[in-house]
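Structures incoming, each one as structure tokens.
The two complexes that follow have chain A in common; it is paired with chain B in the first and with chain C in the second.
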Partner chain A sequence: MTGPGPGAQAGVGDVAGELRRLLAATTGRPELAATTLDTALFGGGVGLDSLTGTLLLRQVRQRFGVDVAAEDLNLDALATLGTLSAFVCDRVVSDQIVSDRSVNGGA
Partner chain B sequence: MLPVPPAGCADVWWLDIGTVTVGRPELAELSLEEHKRAASFAFRSDRRRYTAAHVMLRRVLSGYVDIPPSSLIFRREPCPRCGKPNGRPALPFGYGLHFSLAHSGDAVVIAVAGQQVGVDVEQQPTGCVCALSADMNAADAEWGRPLDEEARHELVMRWWVRAEAVLKCSGEGIGHGIGAFPVLGSPDGPVGPAVPGGPERLVAATEAHGCSLISLPAPDGYQAALALAGSVSGIRLAVRAPWTAAGSRRPSRDSVS
Partner chain C sequence: MSTAGLVKCVVWDLDNTLLRGTYLESLPDRPPADPGLASVAAELGRRGIVHAIATRNPPEAAEYAAQATGCVFVAAECGWGRKSEALARIAAGLDISVDTLAFVDDDPYERAEVGAALPGVRVLSPEDAAEAVGWPEFSPADVTEEARHRAGLYRQRHRRQQAEQAFAGTHEDFLRACQTEVTIAAAGPADVPRLHELSERTSQFNSAGHGLPAESLRALLGAPDTDVMTVRLRDRFADDGLVGGCVINRQDREWTVPLLMMSCRAIGRGVIDSLLTWLSGRAAGHGAAAVQVPCPVSERSVPLRLALARAGFRAAADQAASPGRPVSGRIVFRSDLGAPRPALPDWVTVPGEA
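Now for the complex of A and B:
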């Protein structure tokens, strides 16, 4: 998986913070607000099941406009909180660049 | 030895993990792979749910195939959609037996049948699930339009467990999408026998995605569904182990360990 560029590092932390909040809210488990970046999301780790996982991805789509399941067919992004944060941040930054280019006439 | 249910029939086993102790004798029945998976959970409650469910699965299946629980070996069938080895769990030699396991909160449910079977149970989430309406099949989503938020939550959860039961029965899982076909039929359709068990009962089924589908009565705060492969007008259910609810009100105390 391609990591975010140097300029996006602060963004990954921001995204991770928001994902922690969504994790805690989606599952009703406040302790998940302290999930570390290297913690697995499924099949162990914080133990998301198919329902809470789907809810999380739906809320990621609403909050960030990123459809993880559609864009990452191997679902590698869902391995840990860190990989998901990097994936979302990468897509948000890419969209921002595309958006800025179209505002600036494709410069 | 328990007989494998005949065509159109399914055995259902419930377990309230609030009522069981998972100690050394139980843990000794799990495989190395199951121990590794259990150890990978960050929270004790998740580890306990996983271990209790898999100990129960081994003990239940042991009764049908006359093999000690700890000697059972599981494999994964290929997904019928993509061929990856993440389809239905199965025993290596089949034994003419199919099974499905689901767990959520304190509830574990196992379905056993002589044909492909899928079961799902979900504890009502504390948060709003209306966002999932976007994942629903359009025909199913229509049922939710006139409902207030509380009733829509119920409907969405009912839809979820029914759709997931079908996709577990087919072996596709939810990875390929969950809204490709309607599963609600009539949202007020019939449900199965009472939770405490009782005699076998024929439950009218809805056809969905090549399966016959019913909602299972579930403990308070849960919803459940069961699907059998093929088309039958009703599924004959036998609740082999009832839900006791003895531990359902026990507050969970998650802790990192």
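Now for the complex of A and C:
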């Protein structure tokens, strides 16, 4: 894996911050803006259910252009806020590398 | 397929649509209901289609419209934002897809805005709506007991949601406090119309991705190595009746589930998790090594995949996706029965099984 391309600026921390905001907005629970990276998104942690989980994935796709549901069949990315942040960050960075390369290749 | 486009909820504009006149401009008098559209709404209600309001008026207008038309509205969006956003909120609140909404408005601008933002919504002028009772998307083949009570069930659901917001314990404690009862039982001939209706109305929780004709279901009832199961749900707020079901093929040591479905209304109430837990337990009890559920991979099936993942089902390794190469189509999710399984919650009963 190559390092982040010149256009890649979003770090895991930035992505996690934005995901916290989306979590709070999707669930209507402002306290989720303080969710820690190791908090489970389902079950005892944030307690997402099928509905709020689906809404969150939709928001992620709109905000980051990353379709978690299409790329992660078993939805393991939704284990914790940290795993989801890493998944999104990884896809955002690799997409930018791909698009940087295609720009360079066309020049 | 023709039945895939059934409308579940009609969202009505009020001014010069469901009401004859403009609410705010008519004050202190208030405009009467449009009698033609009010009777269309009543007929659609008898078919199990529910109604909601999206209006640029204060909330009192929605209360007045319910009184004037005699309709039950399961949701009302009163405000000055985009109507497409109002429709999206209505669909999210009812746990249904926006593609199952119809929208009636006299204003061509509003119709164009909703049509552009939400292409799956059936957008109608009041003149169109007057004829809607004759259209197939407003004509479910079977209208069951569950369907006739649907509007009331949505309102009870709203009360349950408010109770949960005020409840301090865990979600599981809340389900217990509601006296939730899930009953899983073999289907009989009397269950066929409702199972058929469910198979057509379910979109998010339907592993087959399509409906199953009543004749096919009837034939499956007596087929060898096949089980057709029903799931019923009730609690202290409401008796939701038959909300889910599945078809099981018991082949050798691999059980396959060609159809697993649940009404969106039952989302978040432990039903699909109970059914999957029961299914794995029963298969293991019969000596099966694995249970497989083929499931479409699309945005619409995400809620079902979340439930499968929670119940320990995994996509086979050779079907996995990689970055930039998303998977689409149908994928087999599989649960190997060697691993320990969670116990069935105590509110689930299975008549005929110990």
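The rule is short, and it goes like this: the second predicted complex is superposed on the first by the 95 of 107 C-alpha atoms of A that agree within 3 Å, B and C clash if a C-alpha of one lies under 4 Å from a C-alpha of the other, contacts with A are read in each partner's own complex, and residues count from 1 in each chain.
FYI, a residue touches a chain if its C-beta (ideal position, glycine included) is under 8 Å from a C-beta of that chain, and two chains touch if they have at least 3 such contacts.
Because the structure is predicted, anything quoted here is derived from the model rather than measured.
**Student:** State whether A:D90 touches chain B only (first), chain C only (second), both chains, or neither.
**Tutor:** A:D90 contacts chain C only, not chain B.
**Student:** Thinking of the overlay built on chain A, is A:T27 touched by chain B (first), by chain C (second), by both, or by neither?
**Tutor:** Once the two structures are laid over each other on A, A:T27 reaches chain B alone.
**Student:** Is A:F42 contacted by the first partner chain B, the second partner chain C, both or neither?
**Tutor:** In the superposition, A:F42 contacts chain C only.
**Student:** Contact-wise, after the overlay, does A:S50 reach chain B, chain C, both or neither (first, second, both, neither)?
**Tutor:** Both partners.
**Student:** Once the structures are superposed on A, label A:R58 by its partner contacts, choosing first (chain B), second (chain C), both or neither.
**Tutor:** Once the two structures are laid over each other on A, A:R58 reaches both partners.
**Student:** Could you give the residue numbers on chain A that contact chain B in one complex and chain C in the other?
**Tutor:** 44, 47, 49-51, 54-55, 58, 75
**Student:** Give every residue of chain A touching chain C within the complex, in rising order.
**Tutor:** Going by the criterion above, the answer is residues 42, 44, 47, 49-51, 53-55, 57-58, 67, 69-76, 78, 90-91, 94-95, 98.
**Student:** Within the complex, which stretch of chain B touches chain A?
**Tutor:** Interface residues on the chain B side: 37, 40-43, 46, 49-50, 104, 122, 125-127, 129, 131-132, 134-135, 160, 164, 173-175, 178, 254, 256.
**Student:** For the complex, which residues does chain A have touching chain B?
**Tutor:** Those in contact with chain B are residues 25-29, 31, 35, 39-40, 43-47, 49-52, 54-55, 58-59, 62, 75.
**Student:** In the complex formed with chain A, which residues of chain C make contact?
**Tutor:** 92, 95, 170-171, 204, 267-268, 272, 297, 299, 302-307, 309-310, 314-315, 319-324, 326-328, 331
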